[in-house]
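Both complexes below contain chain A, partnered by chain B and then by chain C.
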Partner chain A sequence: MDGFVGWIERLLLQNWRRVALGIVSVLLFIAIWWTYSAYLHAEWPFGGTPSGAAEYVPYPDDVLSAFVDSFVKPDPANGLYMTDNIASSLERILFGFVIAFAVAVPAGLLMGRLWKADAVGKPIVELFRPIPPLAWIPIFLIVFGITWGPIAIVFLGIFFPILINTTFGASNVDPVLVDAAKTLGARRSDVFLKVILPYTIPYLMTGIKVGFGIGWMCIVAAEMLGSVGGGVGYYIFSSSGLGRYEFMYAGMLVIGLLSALTTGLAGLVERRFYRWMGMK
Partner chain B sequence: MDGNEVRQSIVLKDLSKVFQKDDRTVRALEGFELQVSDGEFVCLLGPSGCGKTTVLRIIAGLEDKSGGEVLVHGREVTSAGPDRGMVFQEFALFPWRTVRKNIEFGLEIKGVPPEKRTEVSARLIDLVGLKGFENAHPGELSGGMKQRVGIARALANDPEVLLMDEPFGSLDAQTRNLLQKELLRIWSATKKTVLFVTHSVDEAVFLADRIVVMTARPGKVREIIDVGLPRPRDRTSAEFIAVRGKVLSELDEEFEKARAKELSPE
Partner chain C sequence: MDKKVILAVAVAAIVVVGIASAALLLNRGGNGGAVSYLAFAPKDMKAALATDQVDAYIAWEPYVSDSVVGHVGEVLLWSEEIMSGHPCCVVLLSNSFAAGTDGHELSLRFVKAHIEATKWMVDALEAGSGTNYTKLVDMAVEFTQRNSTVISAAFQHLEFRYIMDSAFTSALEQFTEMYVELNMTTTEDLTDRGYTSVEDFVDSYVNTTYIEQAATVLPSATILNPDSPIRLGYLLGDLHQMAQVVALNTEVLGTGKSLFQEYGLNVQKATGAPFANGGAEMTAFAGGLVDIGYLGAPPAILRHLNEAIGATIIAQANVEGSGLVVAVGSGITSLEGLVNKTVAVPGPPPESSIQFLLLKIALEREGLELKVKT
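Now for the complex of A and B:
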C-alpha cells in the first residue's frame, strides 16, 4: 500500500489548505447540527420542548457513541455487529458492480460504435434509467428472490452510469486514430480492442466512480428487499423502526464513509491507469 | 520499351469522387489521372478544398471512390491495408502507447513476435532520430518529435508506398524545414514511393521529383511539373526560385478560379 500512503502524504503536504478547509467544513456542519439538536431538546420556561421531535435529532456525540457501539456491541435485533453488516453490504455492492461492469462495458462499447446497437439499446436505457430502485422491489422479489434481489437493485444503480459513460467515450473516439489503425493493418476487432477500448478507459473510470456512489445510494432499498446476513441499509431502517435514531444516524454515517472509501479507491486505480497510459 | 521499364507504384485512372452532403452533391474529384513510379517522390498541390486529401484517402483505402480505377503495385485498392503507410497532419498517435509501442502497432497486429518487433522499432527509432525517447508517451513530445514517430510507425510495416497528408502542416517553420530534410534522408535510405499532400509551394519544390498541381473543385490534374533540381536543394538559388515562381503562377490561377466560383451563385 505504498502508493496509498504516498498519496495521503502528498495530499496532506501539497493540499494542506484544502484539507484544513475540509476539516473546518465538517466542524461547521457538526456545530449547526448540535445547535439544531440543542434547540429541539431545550425546555421552554413554561414546560415542554419546541416541537416534540427531539428524539429524531440526537446530539452529534450521541451518534458518535452509537457509531462506536455498533462496532463493539451486537445489534439487539439480530445479534450482528456493524462489521457483519458492512461485510454483507460490501458483498452486495461488489457482486452488483462485477455484473454491471461485465454487462455495461461491452454494451456501452457497442452502443457507442454501432448505430444499430444504439438504436436498439437507447430507448430501453432511457426508459429504465430514471426509475427509482425502490420501485423494483416487488418484481425483483419474485424474479430474483431475497439473495439476488438486493444485488439486482444495486446492479441497476451501478449499471447506468458505467453504460452511459462507456457509450459516450466510445462514440467520442478521435476518428483519425481509427483511420491510423486501419492504415496500419488493423481489422475491426483490432480497432475495437486496441483503439476504442483503451480510448474509452478514462470515461469508464468516471462511470465506475459515479456508479459506486449510486450503488451505495441504492443499498437501503436493496436491503429492504432482502437482508440475509444483515447489511448497513438494513441496519438503518431496522434501527429507525425500533426508534433507535442515534443508531440509524450511525448507519448513515457508515454508508457515507464506505462510499467515500470506494470512490477514493476507484480514483486511486484511475490515477494508476492514467500514469500507466501516459495521460495525466 | 526496353528492359529497364520503370515500375508504376500508384496508378489512378479517371478517378472520381462525389460526396453527398445532406441534399447537396459535391463533386470533389473528376477524371483525376496520375501515375507514380516506384521510388518517386510526388507532391500534390492545390487550392484548399480541391480534393488532394481525398485522393490520398482513396489510395489509403479510407474512402470509397465513386468511379475510376486505383491500382497500387498493380493491385486494385478495396480497403485500407498495411501495404500503404499513412502519415497524418494530426499525427494520430495513440496517446496511451509509448513511442516504441506506437511504432510497433502494425507489427503487433501482424502477429510479429516481440523480439522481432523490438528489433524493427529500435532500427526505426534510430532512423528517425528518436533515440532515448523509446518509452516516452506522445503527450511528452513536441510536434516535430510526434511526427517522427508518425513516420516511423508508418514505415514499420515496410509499406510499398508512403502517403503523407500535410504531415508538417501544424509545425512551426524551423521544425518544418528540419523535418523536410530529415524526410528526404529517410526517403533515400528506405527508397519508398512517397505521395505527399501539401499546400506549401516552397515545401513541394524543396521535396518533390514531380509536383502535381490540381484544379479547383472538382479536382483534377491541371499540370505536372518536373522539378528537376539536384538535392540537396538550395531555397535561395535562382533555379529554385524559378521553379517556385512557375508553380506559384499555376496555383494562383486556380485560386482565382476557386474564388470566382465561390462568389458566383450556382
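Now for the complex of A and C:
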C-alpha cells in the first residue's frame, strides 16, 4: 500500500504538468458537455424550445448526483446498489481474465515459437477474432449457462489481445540471444525460461492492459441477458431501457473508472515485475 | 530467488485463487425465501428451461405454447388467471405524426383498418376452422416462425380486442401506480409532464376518439399518402400484434388489396422494425422513426413518463395471452413452489415488461416476494 501511495506521490511530483493538463482536459470536456446539454434543454445561456433529445443528454451535475445516488440508494427497478453491480462485474472480469490468461499465454508462446502450432492455431484465431461478442450472447448463455455464459463473453474480449501480443513477442525473440544462450550450454528449458519468457513478458503485459480494456467494453454485451446479481453493464442497459439516462451515464462513468483502475493495476504490476526481474 | 521458483509460486497462486473463487461463485446462496427473476429474450426461454438455466419463465405467446407443444414446459398459471382481461399490447400513435400533414386522417384510417383486421381475426378464431382460420394460422406461422400446432395452441389463450373500456384504463392506472410505488417513475415525472394524477395521466394518454370516429371511415379508391408511408413499429414475432400482419396481407379481403390499401393507406415497416422489445420500439419512437406502433402498454407508459416521448394510445391490440411456464416434471405446482427458484422475465430491462408486473401481482397476492437473482 505504501508503495502505491509513494507511486502516486512520485507521479504527482514528477509529472505535475501532465497531471495539470489532464485536469484541464477533463474540465474542458465537462464544459463542452454542459454547454451542449444547456443548448438541448434551451436553458441559460440559450433560449427557445427544448429539443426532444434533451432528456438524453442530462447535465453533468445530474449525472454526478445519479452517480452518488446509485451508490447510496438501491436501484428502484431491482433493489441493487452500485456496489453490488460492481462486485458482479468485477467477478466476471476477474474470471474472464484468469481463464483468458491461462489459455492465451501457453497458446501464444506455442504459436510464437512453433510453426506447426501457429499453422494450426492461426486460422481459428483469425476466424473467431473479429466476431463481435454480442453475436455469441444467446449461444453462450444456453450452452455455458447463466453463470459462465457472461464470463465467456468477457473471456473472448480479453483472450485475443493477450494471445496476439504473446504470439508476437515470442516470435520476435532476437535469434542472437537464443544462440548465445545455447552456446553457453543452456538446455531447451533454460532457453525458454530465461530467454524467451522474459523477452515475451513486456508484450504479454501490453496484451493484458489492452485485454482489460476490451473486457470492459464487452461487459454490457455480457450482462445484457441472464445476468445474475446485475452488473454495471446490466445497469447501463437497464437504465437506458427504462429511460433513466442520467443513471445510464453514471454506469458508464463507473465502467470508465473501473477500466482505468484495472488497467492501472496491471501497469503497476508490470513495473514491479520489471524491477523484480531486473529489466528496468 | 530462482526464477523457476518464482514462476511456480505465481502459477500456484493463480490456480489457488481461481479454484477458491470458482467454489465461491458456484456456491451462491438462495434468495432468502423470495422468488428470483432474470432477464431473458423470450425466444431463448424454452432452451433456458430445457437446460435448467432457469426453473420457470413468463412470456407472451407463442413462446408459452412453444414449450408446451414441445413437451419442455407446462403452464403453471395463465395470465388471465392472474388478472382477467388484462391489457397487453396497444397501438401507439406518435403525437408529432398526428399533428403533421393529414396526420389525423391517416391515423383515423389506420385505426379503421386495425379494427377491421381485429374483427376478421376474432371471426376466424371463433369459426375455429375454415379458409380464414387456416389463412390466419398460415400468416402467424410465417410471422412467428413457429409451427401451426404451436400457433393453434397459442391462439386459445389470447383474445384480440381493440376497444378500450374502463377495465383497460383502470388496469393502466394500476400499472402506473405500481411503477410509482416501485419508484421507477415518480409523481414529479407525472407533474413534469403536466398531469395532476395517475388518473389524469391515463385519461390523457388514452385517446378513444379515433375508435369512436372510425365508424365514419369508408374505403378509399386512392392512396392518401403514396409518397410518405406510415412508418409502422412492431415487435419480433409477437403473436399479439397479428392485427398489423392481417392488415398488411393482400389475401385477406380477396380483392388483391390489403386492409390498409382498402382504406387508402401506404404503410411500411419502420427502420429498425421488428423491434426486440417495447423498450427498443419506444427508443425508435423517441428518435422519430416510428409513426404508429404496436407494443406492450407498460413500456409505453414508463418511457412516456420518464422521457416525455410524445405519444398517445389509440387502440388495444389484444388482452391476456401470457403464461408462467415451469419445466415438465419439475414438481412445481404452485407459486409457493417457486420460492428460491429463478424465473426468466422478458427483458432487458425485465421490470418494464407486462409479464414482470403480472408475476409481481400474482406473487404478492400469495404474500411472496419477487427479487432480482443474485
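Note that the second predicted complex is superposed on the first by the 271 of 280 C-alpha atoms of A that agree within 3 Å, B and C clash if a C-alpha of one lies under 4 Å from a C-alpha of the other, contacts with A are read in each partner's own complex, and residues count from 1 in each chain.
We take it that a residue touches a chain if its C-beta (ideal position, glycine included) is under 8 Å from a C-beta of that chain, and two chains touch if they have at least 3 such contacts.
Quick caveat, the model's predicted, so the values are computed rather than measured.
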Identify whether chain B and chain C fit side by side or clash on chain A in the overlaid structures.
fit
Mind working out whether A:78 is in touch with chain B, chain C, both or neither, as first, second, both or neither?
second
First (chain B), second (chain C), both or neither: which does A:70 touch?
neither
For A:177, is the partner it touches chain B (first), chain C (second), both, or none of the two (neither)?
first
What is the C-alpha-centre angle with chain A at the apex and chain B, chain C at the ends, nearest 10 degrees?
150
Let me test your reading of the model: by the given contact rule, A:142 touches which partner, first (chain B), second (chain C), both or neither?
second
Pick one for A:185: touches chain B only (first), chain C only (second), both, or neither.
first
Figure out whether A:238 sits in contact with chain B (first) or chain C (second), or with both, or with neither.
second
Larger residue footprint on chain A, choosing between chain B and chain C, goes to C
After the superposition on A, what does A:228 contact: first (chain B), second (chain C), both or neither?
second
After lining up the shared chain so the two structures overlap, which partner does A:194 touch, if you call chain B first and chain C second: first, second, both or neither?
both
After overlaying the two complexes, what is the shortest C-alpha distance between chain B and chain C, in Å?
9
Can you give me the overlap between the chain B contact set and the chain C contact set on chain A?
194, 277
For the complex, which residues does chain C have touching chain A?
3-4, 7, 14, 17-18, 21-22, 25-26, 28, 38-41, 43-44, 47-48, 51, 53-54, 182-184, 277, 279, 282, 286, 288, 302-303, 306-310, 344, 347-349, 351-352, 371-374
Could you pull out which chain A residues touch chain C in their complex?
52, 55-56, 76-80, 84, 91, 94-95, 98, 101-102, 138, 141-142, 145-147, 193-194, 197, 224-230, 234, 237-239, 241-245, 277
Which of the residues in chain A come into contact with chain B in the complex?
174, 176-177, 179-187, 190, 194-195, 198-199, 201, 277-280
In the complex, go through chain B and note every residue touching chain A.
60-62, 79-82, 84-86, 88, 90, 92-98, 105-106, 108-110, 137-140, 153-154, 156-157, 163
